[in-house]
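Structures are listed in the sections that come next.
There are two complexes below, and they share chain A, which is joined by chain B in the first and by chain C in the second.
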Partner chain A sequence: MEDKENSKSENQPSKNALKKAQKEAEKAAKKAQRKLEQQAGDAAVAEAEQPDVSAGCYGSYGLMRSAEKVDRVLHEVEKLDSTCADTELWLRGRLHTSRAKGKQCFFVLRQQQFSVQAVLAVSETTSRQMVKFVAAITKESIIDVCAVVKTTPNKIESCSQQDVELHVKQVWVASASEARLPLQIEDAARPDTDDGLATVGADVKLDNRILDLRTSTNQAIYRVEAGIMRLFREHLTKEGFVEINTPKIISAASEGGANVFTVSYFKTNAYLAQSPQLYKQMAIAADFGKVFTVGGVFRAEDSNTHRHLTEFVGLDMEMAFNYHYHEVVDTIGRMFVNMFKGLRDNFQTEIATINKQYPAEPFKFLEPALRLEFPEAVSMLREAGVEIGDEDDLSTPNEKFLGRLVKAKYDTDFYILDKYPLAVRPFYTMPDPNNPKQSNSYDMFMRGEEILSGAQRIHDPNYLTERATHHGIDIQTIKAYIDSFRYGCPPHAGGGIGLERVVMLYLGLDNIRKTSMFPRDPKRVTP
Partner chain B sequence: MYHMKPVMSATVEQLPTCMYKMKNIYSEWSDSAPATKDDLLISAESLLQRQNAVISKLEALQIKINSALEGHQSSGNSALNLSTTKEIVLPKEIVITCNPTVPARALLQMITNIKSEKKVLCVFYTHNSAKHTPCLDLSKYGFQTDIQAVTRCDKDMVVTWIWKECDECEMMISPIQQIKIVNEANICRYLLRVLGSYPNDAAAASIMDQWLDTATDLVKARNSEKTSTVEKISNYLSKSSFISGNNVGVEDLVLHSAFMRTVSAEQSIKDKVLRQWCSAVSSHLIL
Partner chain C sequence: MEDKENSKSENQPSKNALKKAQKEAEKAAKKAQRKLEQQAGDAAVAEAEQPDVSAGCYGSYGLMRSAEKVDRVLHEVEKLDSTCADTELWLRGRLHTSRAKGKQCFFVLRQQQFSVQAVLAVSETTSRQMVKFVAAITKESIIDVCAVVKTTPNKIESCSQQDVELHVKQVWVASASEARLPLQIEDAARPDTDDGLATVGADVKLDNRILDLRTSTNQAIYRVEAGIMRLFREHLTKEGFVEINTPKIISAASEGGANVFTVSYFKTNAYLAQSPQLYKQMAIAADFGKVFTVGGVFRAEDSNTHRHLTEFVGLDMEMAFNYHYHEVVDTIGRMFVNMFKGLRDNFQTEIATINKQYPAEPFKFLEPALRLEFPEAVSMLREAGVEIGDEDDLSTPNEKFLGRLVKAKYDTDFYILDKYPLAVRPFYTMPDPNNPKQSNSYDMFMRGEEILSGAQRIHDPNYLTERATHHGIDIQTIKAYIDSFRYGCPPHAGGGIGLERVVMLYLGLDNIRKTSMFPRDPKRVTP
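== the complex of A and B ==
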């Protein structure tokens, strides 16, 4: 036909003839295509009729009801690297993403903070049906994969295990996810700075916390949080502290009186503890020497800020000292430095993972902890042009500014500010014997935000009564507190920190809701 | 309703004929070429007057300078007082960061000297970036870890020493503007000035400056330059037992510290004079 056409055009290329030839050619092409398609369809049908070579290599376990014990070692994604190249192993993880393209299917297997790429391609041992099955598994389903580890020439940027990929042999679904997800894990894990790409709003994240917590960032944050708790316990136990538990349902407000949640208690009302302070001090009066407690603390403050929660975990400590309350300041300072060192040395991977989504400058600190005195802070602020009185408390912006000044001068994100003015401290704070305007109290700061407030407490009932009267407090309401010092009490000091706030500031995050697994604030009590 | 004035004036405006009117520079010569004797006299007189005014101004200036110099001499300082340019006061607190592997011994020695005269609180810290343990025990220099210090505010000065991973010894002057004094020799110079123990005599001060700069050069110089600097020091020491004269001075301390940092031990042993000087200065140091 081609020859015919050629000869025609060579002889006399009239317009009509040309058109005709073109039409004919088109027709022929269409016919050929149709034929090809039909052939392909035939082949597919033929294949479907063929026995599935991968039968028994994929499928669903169904509902696992512990019917049998399987003797199989499941490997961790975290430990996959080039050393395990060419070995066949089993892994369990979530199907993070999958992309099927013709005879191939790429998917990412995610296990907590770690992920690895897997490849499945139609071959002699892998059937088309299997690839189709894997491509249809819904995202976030939990799957078992048997695969051979292979090193890759190019680094896989999107996964945590960048040097290896899995060549899949078997895929089994252990627990399927629903197809529609309220949020995409990838979007939730995206830094806010990535322009143009979808991110998930803070409220959507909190409403679907279970999915949100699956992001590698959140996996890392709560591991760091657990680490801080562990380091706190370990260090204080090593220093001879005793862990105690204090009641959370109390009869009267422990601090001040306002900001407590009222709960009905049989025929009367009770309150939720807003600080374990009274009980810590009672433990000291009961000769426990050094005590600490980890537990929930409740504050009925209607403040919707980035650093307030209505329920948080308090790490509180109280310690009897021998002669000077700096013994306690020193102990707390050592505890923090030890905590920072522990985090720096043992949580590098987690911190790096978190920094990918929320970049922050690494936390800097001095050993021993830097201790400044309040008048020094005031003069530093004045030098920088801030108007502040000698006995004024630091406002939040001034605190932040002071934090920046201290960082610029000493290059540290953590410092202790000692000798606060007596006027801005609670009635039970011990006044400074050398300066009537100062007190034996201290605050500690991380990245310019207060994390601990503490003081030497008055341990003499008469002096305590005097100070309370001076503050205009009705003695009857705090009688129990004063009475606990009547039978002799060692001089003591202490303080408490909010776990969520420490984690937030250590990691340089901007919101405390990012470090509370199920945050409670004035507007949220679910999930 | 409105009373209008004519916009156009009745008189015809004089339109310019060119953009800028300039004096004809040739006219003086061409038009009134032969200047009269009177004209010449007048111009000569005005020139004389102007010159006299300049001379009187210069004289007034001279008197001012003399009086200023006299004022300084009467206040007890001879020659030019260096500290008059700007009054530098002893700061309440100085923060020094130093690499733990290259401790600034001269600076530490100076701080110890200050301690004997004033109420100074010395505290030291280790920054989290420091990879090495410091090769000096600062408690031997009277430094404390902060915890032992009871009060900070009633001291004349607080010296905060931070061991940190940095190239050069640094002293923070203004944290807001991040102004620092870099290098041990420069910090020593600053402290001397602040304490008022820098030589008041300009000649002595420049000699001091020269030696302090030599120390800086020694730290920064390349190997080839180093040998010439070492030779220079050695030559000087062959005439005098110490650089500052008969006793160990700040110059000796700073140079010695720079010496220990840069010149290898073998090289110092080779030169007998230097070796003697080194051991003499070392004996003055608290180690």
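== the complex of A and C ==
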């Protein structure tokens, strides 16, 4: 919406219309301001007969239009503790809840994951009018509070800041919420296990995502998500990877047209990329050596499961290696271990916040990461009574069961499964030179669910053609892919990670819609 | 291409077919290997009558399938200098050029931005056969070289490593290129100003992007691009911003359907997002405070200019402020200054490499960034003889001319232009409360071209409705946008940056297709 040239192309009104428009704008602004100030006014009028000792200490700012610069520091709720006792400070936050009780008003001020109790009582310096005004502020309004911090004798269990409360001196409404909320933040933040208390359905939450995202849980989940992206990129950058951008609009449906979204592209059709793999491999053929890319990936699968989205964020990497694809497997393993350490060490607050609503076992991992070979997995499953052939792929239930066996035996929630049967992998997978039934390919798992699939790719155009033909693929449809390797290409391997799955499984959540800020599935494209 | 479930859904061949397939795969692999070894074989056969003193010191690896792990360190061309003199080491690189001269063969080994000269001559320890073999290796093949580093008396002007050369002991082909190249790397890397020598047209380069991207210039450009993304994110993360992901598939065409790509979405239609603005603002209304997002942005504009792409990478940010939108303007200004410092200090090698092909003046900036107000710009243009009304928008030529005036007066290639006329900005722009003809909006410029457009947004649903109505917009089409502000929203401002434009203008390049690895415009969706 910000391209100036777009806005230029709008029909421009005439000069007279403009003048009229400006007058209307001014009128509109004044009207809006009046409406916002009315609340304060009402309170004042009602008590007009008695002098208001709190006059000038409460009210509404009106619409904040940057009329002037204010030299005032706003403090963070997160930082409020007993070291702040008896200091006076300003804070801005949401009115989370409020409760008037005779001449007192208790309310909770919320800021992202954090909250603090505030108290206001009629006194020599605080008028009845002010208490009434504050008690009438709608929940979810944004308010500025000036208060003295006081330690409390008993811990305040309902707030994140349990040792202090605010003794309020001023309250100003910065932005008022409508009174009727489509959902209550406390209900949306309640564990499903709290029997008898209201919870909010998944669709109601997503339909009112702006409110739902305000829960401490969601504030924490999306900070963890940002952290995972950062840890992924920082580690790979340190290891010499170059970040690239790959196009999402592509000319040919790479998988033969199945599960691909079609885009109208001027006078022709194009498609949305199902993966950046071709482009990552082109970057390798173009000498970038080690590359990663983070971006949207699109799958037109009509899957309505707990772990499928039609649009998700791919964390993709591809790397030329010197002599053996395990150089790449080890690099990816190190990246994950580093990510898990970073989360464990720097996101304790977020993880604790999330666990309050969604309890989960802490995520366990080994350093270096555990790497098993496919035949070992088959043996473990057979020993546990599962019937499985040597060259069968793992079904989703078998993957989960294997995850539990691995956890019991090795005490890790993350492992790498190497050397998949050649028969169950795509045509571009390099066969294992030492065992014709195996391939140089691997999946990686978190809590028993696959989060990365990867392989050494065939980098020779003739061999790639033969393998594709063997798979019954029409060579013409993948000509551009094959041609990428005609002018010399280093041996390489890589993999693609689904960001939302990693967040879901790391936190032990049960649905991928909890880790996509605005999820897309076959039934949902809003908000 | 890596979703296992996709590959599972392929028709699986029968067991017999699988066995047959594996045999074929083995045969194919052997055949491929034979073909690759043939070159070495041919050379050996031709000279079979005389014993080959270099036997075992040259040849081809065959297809590299990770058959075994090799414990060998490969050195980087970039690190080769006189301190390495007389050491023997292994390197892998492209055969950039080679020239046989009697019993000698000179060749250049290239690695990304760097190159070194190598020499091989028939001697007691080097056979005629080996020299012949090396002289016959096709350009762009990837080779492993074992060599002793020697200092040279005269600088080698044609290579990046000018003080040393390699005295070659072994040469192995890791991946052979086809002999006929659709373009020569040297031609693609030549400055347009080198009269009389071959250059390569822009379309030929893009059609053969894998080769074109191998030029030192492109190796450097895309490292600068990765650096800009990193500097953007690192700085904002340090300033407390949270990275978010916003959907690219959206349900409603936000700008009334103009310039929007339509996507077939199961049984209905959806659209590709023209900007993440609505979602950034929703994140602000949902208490994330300060957010940024990096991702694809799609514009179905039929513009075939030097600076328009149909798909580009948006670096977007949005920030709740306390009292004045200049808090945001200052934050964005600091981010740019930090980015320019990071590029200046950490990317000298890349910038120097790029300047060899595309000479440009070094990018100048002030700290803190220069901020002008719109009326000052109008005065400067008028003083220079341009006719412009107080409330006219800047045309593209006027923007460029203003850029030159600002550079002459303030010696900076970057500046912020604040307080645009209200009449030329979109409906959601906050009017200036102190001047009804102005707005709380700004553009930012690099070398006279706009690279960011932003504003304080109206965060009150009633005022937003009035402004939209005034602009003649059907309120129903933007209902979801307006409703985002019903439950309290802090005042906020932000902006969107086009990554490829920033790279182009920072480096002083003349076309945005030079800074998009796989550019998309109305006429190009390949490769």
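Note that the second predicted complex is superposed on the first by the 476 of 527 C-alpha atoms of A that agree within 3 Å, B and C clash if a C-alpha of one lies under 4 Å from a C-alpha of the other, contacts with A are read in each partner's own complex, and residues count from 1 in each chain.
Rule of thumb we're sticking to: a residue touches a chain if its C-beta (ideal position, glycine included) is under 8 Å from a C-beta of that chain, and two chains touch if they have at least 3 such contacts.
Everything numeric in this text was worked out from a predicted model, so none of it was measured.
Colleague: Taking the superposition on A as described, I'd like to know which of chain B and chain C A:Asp460 touches: first, second, both or neither.
Modeller: The answer is second: A:Asp460 touches chain C but not chain B.
Colleague: Quick check on the superposed pair: does A:Leu405 touch chain B, chain C, both, or neither? Answer first, second, both or neither.
Modeller: The answer is first: A:Leu405 touches chain B but not chain C.
Colleague: Would you sort A:Tyr58 into first (chain B), second (chain C), both or neither based on which partner it touches?
Modeller: After superposing on A, A:Tyr58 lies clear of both chain B and chain C.
Colleague: If you tally the residues of chain A touched by each partner, is the higher count for chain B or for chain C?
Modeller: Looking at chain B versus chain C, the one contacting more residues of chain A is C.
Colleague: Scan A:Phe288 for contacts with chain B and chain C and give back first, second, both or neither.
Modeller: second
Colleague: Once chain A of both complexes is superposed, is A:Phe445 in touch with chain B (first), chain C (second), both, or neither?
Modeller: neither
Colleague: Is A:His324 contacted by the first partner chain B, the second partner chain C, both or neither?
Modeller: Once the two structures are laid over each other on A, A:His324 reaches both partners.
Colleague: Find the residues of chain A that appear in the contact set with chain B and again in the contact set with chain C.
Modeller: Of chain A, residues 324, 326, 434 contact chain B in one complex and chain C in the other.
Colleague: Under the stated contact criterion, what part of chain B meets chain A in this complex?
Modeller: That would be residues 92-93, 95, 97, 125-129, 145-147, 149-153, 160, 162, 164, 172, 175-176, 178 of chain B.
Colleague: Which bits of chain A are touching chain B when the two form their complex?
Modeller: Against chain B, the touching part of chain A is residues 324, 326, 329-330, 333, 340-341, 344, 363-373, 375-376, 379-380, 383-384, 405, 408-412, 419, 434.
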